[in-house]
Structure formats: C-alpha cells, structure tokens
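Take a look at the structures below.
Across the two complexes that follow, chain A remains constant while its partner is chain B and subsequently chain C.
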Partner chain A sequence: MPAVKEIQNPVVRLTELVATTTHVPVWLAALRRNALARFSQTGFPTTDDEDWRFTPVTALKALPFVIATPDFDRADAAIQHSPFASIEGPRLVFVDGQFSRELSQVTNLPDGVRVQPISEALRQDNSALQSHIERLPDRNASPFLPLNTALFSDGAHIEIPAGCELPAPVRVLFLTTSPHAGAFAALRNVIVAGANSRVTIIEQYVDASGAAYWNNVQTTLVAGEGAIVEHIRFQEEGRHAFHTGSLHLVLARDCRVKHHSFALGARLSRQDIRARLDGEGLDCVLNGLYLTDGDRLADHHMIVEHLRPHCTSHEYFNGLLDDRSRGVFHGRIHVHPGADKTDAKQTNKNILLSKDATVDTKPQLEIYADDVRCTHGATIGQIDAASVFYLRARGLGEEDARRMLLHAFAGEIVERIDYAPVREEIDSLIWERLERNPHIAATA
Partner chain B sequence: MSLLEITDLHARVEDKVILRGIHLTIQPGEVHAIMGPNGSGKSTLGHILAGRDGYEITRGTVRFNGVDLLELAPEERVRSGLFLAFQYPVEIPGVNTAYFLRAAVNEIRKHRGQPELDAVQFLTFTREKMKMLGLPEDFLKRSVNEGFSGGEKKRAEIVQMAVIEPTLAVLDETDSGLDIDALRIVANGVNKLKRPDNAQLLITHYQRLLNYIVPDVVHVLHDGRIIKSGGKELALELEAKGYDWLIKPQLQTA
Partner chain C sequence: MSSTTDTIDQFVQQEYKWGFVTDIDAETLPPGLNEDVIHFISRKKGEPDWLLDWRLKAYRHWLTLTEPEWPKVTYPKIDYQAISYFSAPKQKKDAPKSLAEVDPKLLETYEKLGVPLHERARLAGVAVDAVFDSVSVGTSYKEQLAERGIIFCSFSEAAREHPELVRKYLGSVVPHTDNYFAALNSAVFSDGSFVYIPKGVRCPMELSTYFRINSAGTGQFERTLIIAEEGSYVSYLEGCTAPMRDENQLHAAVVELVSLEGAEIKYSTVQNWYPGDAEGRGGIFNFVTKRGICKGHRSKISWTQVETGSAITWKYPSVILQGDDSVGEFYSVALTNLCQQADTGTKMIHIGRNTRSTIISKGISAGRGQNSYRGLVKIMKSADDARNFTQCDSLLIGDKCGAHTFPYIEVKNPSAQLEHEASTSKIGEDQIFYCNARGISTQDAVNMIVNGFCKEVFRELPMEFAVEAQKLLGVSLEGSVG
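Presenting the complex of A and B:
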C-alpha cells in the first residue's frame, strides 16, 4: 500500500503542514515553493552526513508533526517566571510561533527603530527585508534552513538605523505552550544593525508545555559598518523538546559583533552558525556554553569565513556534560585568499561529570591567505584534581571546591557578556544549576 | 602534648617507596627545618601532611594535637590548624581570589567557632597582610594565582597563611625561585606570624632561607629517613660541606 507508506514518510508529513502566515507576498510564495521542493529532495540528515555524524535525528523524525497551537494564558504566567523578566526594554513575544501583541512591549522606540513581528513587516513593502530572506547561502547550510523558509510562521524583525544607539536590550521571547507531541514551529528572525549603530539583543527560548515539540529557527544578523552588536541566544527548551537553529552573521567593515550561545535545554539541540566576515578590520566573537545531562545532546556547528584582511574572530565554547549526555562541536575557520593579517582563535573545552558522557569535537583550520595568526584547540577531561586539592588544602570542602571550579569553567564564557544584567542573571542561574546537581561530589 | 608527632612513617607511590621511617616531633613555638637533596622525600612529607591523594601509608602514625591526622580529609586538616604553603601554587582561572579566600577563611573560622568575616572585615584584614608582603592591590581581584610571577605566587601563599592563622605551617620550598629581595620579604612575613603557640616546618633544599628564618632544629632527610638532626649550625655545616659527608657514611653502614 504505497499511499500509507508515503504518509509515514516524515518529510512528506512535514511538507503537508501549511505555514500559518496570512499575508505572503508573491516573491515569498515562490521562495517557499522552491525551499519546500529542496527540503523534499534532501530530507532529514543522517549520520552518514559528515556534518551530522554524531547527531542522529531519528527521534525527531518519529514525531507526529502538527502545527503548534498557542495557549496565551499559560504563556502569560510563564513570561513572569522566565529569565530576564526584570530587564526593561522593548520585548517581542511569540507563543508557539505566533506573535502576541498583548504580551509584547514595543512602545517608545527612537525614530527609525523597528521592533516588529516579521509577519507585519512582510505586509509592508520592504526590499531590504526581502533580500535578507532571499539571499541566504545555500552552500554549507543546514538542511533545516529550507524547511524554515518554506514554513516559517513568524519571528522578529529588528532594524536599527545608522548611528542609533539603543540603551536597553531588545528581548525576543519564544514560548512553547502546546501540550501536543510533535508541535512544530518554524521561526525566522531578521536583525539589521545599521552603520555605527549599537544594540543588544536577547533571543530566548522557553518551554511552558513539557511536550516533545520542535522549534526550527533561522536568525539572520546583519551588522553594518562600525556597528556594535551583542546578541545573546538563550536556549532553555524543555527536556523533551527538539531545537534546530541556524544563525547567519553578515558582517561589514569595522563592526564589533559578539554572539553568545547558551544551550541549556532541549533533548536535542543543534545550532549552525555561519559567519561571513566581509569587511576589513572587523571583530567577531562567538562564545558559547552547553550544559547537558540525562540523554540530552547539544551540538554546535560553525563555519567562520574570513573574506577580508585585518579581521579578528574568536570562538570560545565550553561544555559541561553529565550522565549519558553528549556534546558535539564542529568549528571551521576558513581564511580565504586575500584575507591577510587574519587573527583567528578557536577553543572548545569540555568537562565530563560522568564516565558515560561523551564529546565529539572537531576544530578545523583552512588557510589560503598569508601572514595570518590562527590557533585552535580542544580539550576533554575531568575537573582538575590539583586545583581541587589546592582549594581543599585552604579549607573548602570537596564538593564546594568542585562546584567553585565548575562555576569558574562556565564563568569563562559568561563573563564575556558585556550587558551586565544579563551576565549576572545567567551567572546565578548556572550557579543554581550546579547547586542542584547531585553528581558534583560523586565523580572523584 | 606535642603539636605534631610523626612516628615511623613509611609511604610509597605505587611501587616506589619514598618514606622509610620518619620520626619527627614538633612543640608549639618551635621552628624546624627539613633539608635534603633532591629526591630525598622532603616534598612528599609535606604533601602527606596536607592530605594529598596518591600516597600509600604503609606504616607509622601522624598525630596532630593528639588527633590521628591521616584520618582527616585535607580540608579538615587545615581547619584544625595545619597549613601547607605549596612549592608550586596552582593557577585557577576564573576563581576570584577574594571570593575563594573569604570562603576558605570562613570555613576555617566556622570550624573554630569564630564568627564569619563579612566582605568589609575580610578586606581590611587581608589588605593589612598584603601590605606586609608587598602584594599589589589588585591581588584580590585577580583569579587565584593566574598570571602571577613566581615570587608573587610565593608571597600570595604567605598572605593566605597569614589570614588562615594556622598552628602549624608547613612551607614547601617557599624559597625556591625567589630573588634575594623577595626572599627577605617572604621571610619577614613568616617571622611576623610566629607566636608562642604556633610552629613552622620549613622544607628547603638550600640553607639560604635559614639566614632569615632561624630554625630551632634542623633535620637532614635522605632516602626517606632523617639521618641527622641538630641545631641551626647544622644548616651552615651543610652549606659549607654539601650533603655528601652525611650521605656517604650512611651508604657504608647500609
């Protein structure tokens, strides 16, 4: 019975979902058709793909896909208790992929600043937005990117005009409330920081459902000449949830961009980062922390492309893995011909809190330019025994000593956040997690 | 009661026997020096007293204030008054010195039934000790030992000793890697911490330190045993003649 077989095919089941965006411009409708065809063709990645070797998506494919349906009352309560709730500033809230005007806060913005749902932006004639959506790179992209293009329901559109400095951070909050397994949301964010503008953006994923839902995200961040942008991605999905995300950074001359990726939740999370350093003298920091336990898996896969001379890129990723959880890191620095005087550095450090936890790490350098300084390194190990002894020899109990060292390990990443209220909140949040962890003292 | 009483201590690391019967008694108010060539077991003795893992005690006892020291965890040893100044202090990136040291001092004070120090009291108390040892103001703001020069690390150890106020301080090669000025500062700091109710055990390869911290008793350690003990003049004799004159007769009688 071929018909039944086809319905069971996860790609077909997914492509039968209809994007819920009501106003789709003609160009987007065409783009979606192509993207859908493309996803139908490539389908889900398998562990035969080099880029997905350690990240099986079998459980994801088995979900009964449905379009997520929001429960706004539940969302309201969850927002009050979510991290960064006390931080003042413009706020966009999406519940199960749908914008909530009631829960959002976007008044009193300076002239020319746009903080709006992308569904609204698409109703306006915006050729710049169109090009940011259309011109995503095909090469090396996640297979879930075309799926996102085909089905995205909403997301944030943020535009900071040239020279504008926004004092308060823009917070974009994605909540999931749908109690149905397989609830699927595709989210698209486009952030454009004009020349010499300055902005901090918090992109946050919170669970209020407890279900095995799937968020598939694409964020494009375009930084103009001399722009200073801090982008904090705080992923704290539920422990049954799946999260696949791509971040594309398009960076112009002399900009300073810091991206922080905190992967604290989800049963499986995968973050693809693609950075194009396409202007001279810019500085890009990719900074990340993953904490996993149980059967969870956190995967970061990034490619940093140096296209012009005199650019600096630093990638720092630390992982703390407990139980049978898994961490995956893939980082490639690609220095193109002509990108002379590149200064690139990449580190991935992992601490295993259990003998069943595993990490697969693959740092790579590809250099086709002259006079560059590139370093990379990866470590996997336990808490340093000499440091534990030193702290104990000063009077701290073994558990306190170990916790202090783990906190410091996470702190190496946290302290790179410039925006102090977020830095402090993440720091105490991680400390609370370590306090709750029963395995700190057990793994001598 | 003696402060420290080591009786017939034997220890090994895996299959390698390092200590072969140490006897050592220290009374309150005394300064002892243990000297010996490289590989004699000096630092092992310090590590064992502080409770470092990896040593197997095969025979003997160590009593500290009458308590079986070897039964105590490292943190219990320092809380009850035995402090080790490390030969190679560990660098701990990301752990703020003030935060760590205040937590440590308060653990120890709790154990002694003393009130904990708040941040202001701790700073006042510690700054005074830092001044005495010539450590820069930013010492407390930095990560533990990170980026410190060799001399700064050793001075930082003595600052920690000063705020912890041990009854027995074991100084493991505190003089190594110090120039003469730094040595004088460190020795001066150690001397100022001396009281009738506490004691110091200096582990050193060279006599140089003993020009500044004058010991009551000098012991020579060789091949895991104390082969000679004497007054401070023994150190000068070692400086003049080296270790060979003591070691050679040992080999002949062995």
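Presenting the complex of A and C:
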C-alpha cells in the first residue's frame, strides 16, 4: 500500500493513482489521458452544480485515496454469506477491483457467450468493446465518469450472441475487503445482448471491509433488436462506504429492458442512469427501491431520452427514509422531436419514518413532440390514512395495518423482478430488514 | 397533418390585436444607468432620503450580481446601458387635479383597451389606478375607498404620504438583494401601486390596475406593495397589453404582498403583452419577481395568472407560509405560441404548522412556443402537518413546440403530505371526432377542450377577468384546428 500523500487537493491525490493501473492497449491509454485531463478540469462536483444540489461530496473528497488491495481469504467467506449465493449460473467475482479466477465460476457456457473480466477482453482485439468504451456520451454524464475511464482496473464483460437465451442469470459480484480508509476502486462493466437474445444479470456489491472505501462504477448495457434483458443491481454496502455509479443503457428496436436498482447501503450512494431509447417500439422499465437510515444518503439521478416513436418507458422509484437519512431523486424524461406516440411514466414515492429524515425530489419532463403521453408523479408523506382505516375496519390492529402497508410499499418494487428466485430472495431480505426497523414495528 | 401545419401557420401569422402607439410627448431620460440616474428618478418623485439610500444600496448590490442563466429561455443579451430608466407623460402644469384634466389622448388609449376608467369605471364598479409608462395619471374611487380607511394610490404618492407604512414593508418580502432583476427594480423602480387595507376591512370592490408600456425603448419597472391588516380582505387585478414594437422591451416588476393574521389577498393577473412576431423578433421580456408572505396565523394568499403575451416570461409568484394554518394558492394558465418562451411556476415555502398549499398549472404550447413549469415546494422542519397538492398539465398543439416540467420538492418534516402530478397530452383525435359526431365544428371543439383544460384556473378569476381571459384564449386559438 502506497504511503498516504500529503497533498491537499483531492483531484491531484486521485490522479496520483494513475501510475498504478495495469497495462492497457494504446487506444485506451489515450482515452484515459483525455479523461483524466477532463476530470482534473471539472474536479469534484459541489452543491452549486444543479445535478448535485442535494448531494454534498465533502466527506468523499476528504478521503486519503489509495488503490484498494484485495484480501482473498476474507473474500471467500464473504461470498458464502452473500445474497444470491444459492442461485445457479455463471459467476464473476472481483475483489477490491481485481478479478479472482479462483472465486469465479465460468463453465458450460453456450457457444459464443462471453462472460469474462474486461481486463482479459482488452487483451484480445475486440473492436466492438472498444467502441462501447469510447462511445460513452459526454453530455449530462456524471463528473465521476471520466475518473472511471481514467482509472478503471477491471469489471465484467458479458456478451450474449444474437438469438441466444441464457436460462440462468449471470452474477457479477464486487467485494471490498480492504480495511484501509480511502481504498478506491474504479470498475467498468460492459454488457452486450445481441439481437433477440435473452439474459438476466445480477450486479451486486458486498462490503467485507467496513471501511470508508469508494467504489466508482460505470456499467454500459447495450441491448440489440428484440433482446430481452433484466438487470438487477443490488448494493448493500456498509455505513462508511461511498458508492458512485452510472449506468448507460443503449437500446435498440423492439427490445425489452428492465433495470432494478436496490440501494440499501453505503453512506453515500449515487446512481446516474442514462437511457437512450434509440429504436422504435421498445420498452424500458427502470425500477428502484432505496432504504436509508442513520446518516445515509441515497441519490438516483436519471435521464430517459426518447429519440424514436412508439417507445414506452416507465420509472418507478420508492424510498423509505429513517433517522437522519436523506433521499434524493432526479428524473427527467426527455422526448425529442419526432418521438411520437411516446408513452412515458415516472413516479417517485417517499415515506419518511422519522422526523429528521429529508427528501428532495425533482421529477421533470422535457417534451418536444406533440403526440405523446407523458405523466409523472411524486408523493411524500406517510402511509395513507384511508388505507389504514380500510384494514382496521377489517379487524387488523393499527400497527399491523401500518406494517402491512409499509411492506407493500417496498413490495411493489420487488414484485417487478421477473426472475423468480432473485425476486423471492430480495423479497425476504427486504422483509427482514423492515422487520428489524424499530420505527416500523413501533409508533403509529 | 398538413392541415394542422396550415392552421398553425395561420395561428402564428395573426397580427397582434392591441398594437398601437399613443402619440404623447414623454419626458424621457437618455439611455444609461448610473447613480445619477437613480438620483434623478428619486428627485423627480420627490422621495425622502431613506428611499434614495435604499435605491442606491440596491443599485450597488445589483452591480455585483450576474444575470441568471438557469431558466429554460434563450434571448439576446440585454444591454442595460441602452435602456432609458425614466419616461413620464408630459405634465400640463403640475399633476391633473381630476380625470377631466387627464390628457384626452391618454384616455383614448384606455378606451381602446377597454379600461373602465371615467364614467365606465363607475358603471363597472371598478377602481382603476392606471399606470401609463411610469407615472400614475389618474385614480378613481379614491374617496369611496378612503371612507373605509383603504389606501389605494400610486407608489410614489404612498412614499410621500404614508412613508411609515412604505418604509416598514418595502423590501420585507422581496429584499433588494433577492435576485438580479429584483435588485435592478429596487434601484430604478419608477412607480407602481400601493394598497393598504386596515384591520377588519373587506375591500368593497376589485382593485385594478392596467399597465401599459408605451414609449419605445423604455423599460418599465413597476413596484407593487399590498398590505392586508388583520382580518381584512382584498382582491387585486392586474392586466396588461402593450403596443407593437420591433425592439425588445424589458419589464422587471416586483410585487410584494403582506397578509397578516386572518387576512386574505387575492391577486389576479392577465398578461397580454406583445409576444414578438413569427420569427421571434421583438416582444416584451417579462422578468417579474412576485412574492407574498402569510405572516399571521390563518392568513391566505392566492395567485391567479393568465399569461398569454410576452416574448419571454420569467415569473414565479410565491408564497411564504409563515403563520400557522395559513394557505397559499397558485393557479396559472400559460400559453406560448409563435416563438414565445415561458418559464413560470411558483414557490411554496411552508414554515408554520398546518399550512396548506395548492398549485394548479396549465401550460399550452403552440407554434414554436416553449413552455416550462418550474416550481418549488419546501417543507421546513417546523411545518408540522403541512399539506401540498400540485398538478401541472401541459397541452401541445403542433409538433414544433415544447412543454417542460421542472418541479422541486424538498421535505424536512415527516408529517407532511405532498402530491405532485403532471401530465402532457395533445388534443386527441378521438375527442375531436366525438364532438364532430355530435355536430360541433372542429374549431368549437378545440375551444371547448382548451377551455375545459383551463377551467380550474378560470374559475378562480374574478368575473371581469374570467371573461377577458377566455376571450384572449379564444382569439389565440382561432384557426388552430388540430
């Protein structure tokens, strides 16, 4: 582990880490240089930036950044106890940003399917992968995206050929074991689902360290024509961890893509979702649940761009906020000229469980086409009194009625997961988590 | 589709109905802004020293600010030194003693606008404090109002005759440091209206002011201050039309409302300023800061606006709900066509307990208009059991326009109940077909649907305004069959 640098500027301290990254192809080296220059220029966002208005990163900036170092023994034990451990299927495991072949399981894949670490894919000549990495949009991107480009050490590369259906989900597990504060890992995933293929992907983040580390993630998901993709992102990191992620969805004609984001942990979690609906007749669902307590902050920031006619996009985000925690939501549906017959819907519902919790929500619509149906809605408050009354009139106690409705509030998000074993496991995980919360069982 | 394009073209090509210029010599200051200009304005109005100091403080603060860029509007950079900051109709001897002494050409202007001043004022039962460019030229019904202790006069008169009230409340809701345009207004405001309703008095009539921008190249900087003492009630109407101009004109007004315990202020606006031509040339820049404070318990402020004019509208009538059980309301219809841009909405700041707010916003976009709703609902920690309901609906007519919604909701109290709903739609072919099948022409059907779309807002307007607003919308929609 390199000595902690006595440099005040966090941007400079981060750029110091560059030298330690692994060998890369020439085109990527150039890309990284540019990205690093860009990050050095923009630096960390502040609350003066409209997109970071409610999400201060001061604590993140103060970390003494070091490259995370893996502890594989600790990782092995953590995997056994991690959620979805019992789910069959190919598995990629990364420990502190490094691929672990021993802990991974990639056998018996159908022809043409690639499930491999991106570091390996980069050693092969892969022009498609190159373009997916290079083509990331600049506009509206998170300031941490160039940082990720400059520093990513590894991540998953998943490629499903046209017409292929994978029966079992691909699981990508990111473990952090490094006990050092400020351990930094940049992870890059590229998922490409060919035309008419079908796949379920689980991307999960497990904290086996307990330290104030920082995971900076970028996932690109490319869905081909008619592809059916379900992507489940499950983040349950410790209360000191920082998690900044962005997800870019590039969607082609007639595909069906569902993304589920579960932000259940981390001191600060920020997820930037950018969906480009660039084909006719496709259907995109963005579904998310955030549960926060203590001092946690969970932020979802998404922009859904409708570029073609006859597309449907639905966004459902529910949040349960406890203690002094904060929930932030920004959703924008942008309908470009010509994207007629767009059907877009966005909802953000929040329940505050304590008097110190806060919510800041900005559900936005930007519409430049006239033949569209777009709605959005946001609610903040407690459990609906009429619903409680309805249940009480049927003989339930007030506390039971309230509990039941809170479970249902989280449950309506979980229910949208298609892949049953994952749905059931998340359902019971969240059930237990809510049951453990004194604010849910106690006061009315 | 082509018929839609045709009708939208017709719609876009309609001439501005109210475009004419009254030919009166105005005593106009040369363009430019510096401390001398402020001294000149203040002296011209015979203002006390403290007001001059306040203006200078605002001006010095304004110099430190930069023009805001966050609204979703684009316009050429304004040269603040190219604007004339004072223009008054030439006074014959001193001020006119009665309406009979008012310049007949001026009265003619109001005639064309249908202002019920003079005899018509009496018949319509409306008291008018008409603002022609920058100086109030005539007020009516003053005596009737005075009997009840109501003060309704021009701002400069109020500064002279009721300095204690003006000094107490001026800048108490919109401080001179509030924002770029409010600071500018505070420095150079020329005139405006002042209303004071004493304790327990219910104002017997709708108070109304017609604003009129007349001289070319002059900005108009109105300042309105309304104070409703405990348990009083007032309904205030503001209506605007402006003559045709090629040059962009800046209008940066400030409106401050103070509602004390149990008082209610209802503020209604119909704004029909020149929107510019089909290519986006000319038109009024309307950058307005309007804010009210519900200072006392159980007080209420209600904003209703119908915005159909101006090239650019930048306006967020807001309510600070400080007193417990106070109520804030915002009802808005904003129509943009041609190249108009509107970025409008409201802010509801809940501070007191059991405070309630309602926001109903209806945006209609046609031609190449861009219509944005931008609103904030903030529930502070102290606002137990606060309640908000927000609904923003947009209607699109034609395929070159845009409708946007940017709500902000910030909640720091768990007992708050908030709902926000927004939708965007166009007039459905099935709806038109349904009406056609029942013998209603397509044009009538469109009018009917749009009027139905705006009904929730129109019904909040006082009678006279509701009629005018519906007429305005009807004119704008002629030929927009689609």
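Here is the rule we use: the second predicted complex is superposed on the first by the 421 of 444 C-alpha atoms of A that agree within 3 Å, B and C clash if a C-alpha of one lies under 4 Å from a C-alpha of the other, contacts with A are read in each partner's own complex, and residues count from 1 in each chain.
We take it that a residue touches a chain if its C-beta (ideal position, glycine included) is under 8 Å from a C-beta of that chain, and two chains touch if they have at least 3 such contacts.
Note that the structure is a prediction, hence the values are computed from the model and not measured.
Enquirer: Between chain B (first) and chain C (second), which does A:Q41 come into contact with in this model arrangement: first, second, both, or neither?
Expert: In the superposition, A:Q41 contacts neither chain B nor chain C.
Enquirer: Would you sort A:L396 into first (chain B), second (chain C), both or neither based on which partner it touches?
Expert: Touch partner of A:L396: chain B, not chain C.
Enquirer: Touching A:G377 in the superposition: chain B (first), chain C (second), both, neither?
Expert: Only chain C is touched by A:G377; chain B is not.
Enquirer: Taking the superposition on A as described, I'd like to know which of chain B and chain C A:K362 touches: first, second, both or neither.
Expert: Only chain C is touched by A:K362; chain B is not.
Enquirer: Between chain B (first) and chain C (second), which, if any, makes contact with A:S131: first, second, both or neither?
Expert: In the superposition, A:S131 touches no partner, neither chain B nor chain C.
Enquirer: Comparing chain B against chain C, which has contacts with more of the residues in chain A?
Expert: If we count touched residues of chain A for both partners, the winner is C.
Enquirer: Can you list the chain A residues touching chain B in their complex?
Expert: The touching residues are 384-387, 389-398, 400-401, 404-405, 407-409, 411-412, 415.
Enquirer: In their complex, what parts of chain A are in touch with chain C?
Expert: Listed in rising order, the residues are 50, 54, 337, 340, 350, 352-355, 357-382.
Enquirer: What part of chain B is in contact with chain A in the complex they form?
Expert: Residues 50-53, 73-75, 77-79, 83-84, 86, 89-90, 92-95, 100-101, 103-105, 107-108, 111, 143-144, 160, 164 of chain B touch chain A in their complex.
Enquirer: Would you mind writing out the residues of chain C in touch with chain A in their complex?
Expert: Touching chain A: residues 70, 381, 394, 396-426 of chain C.
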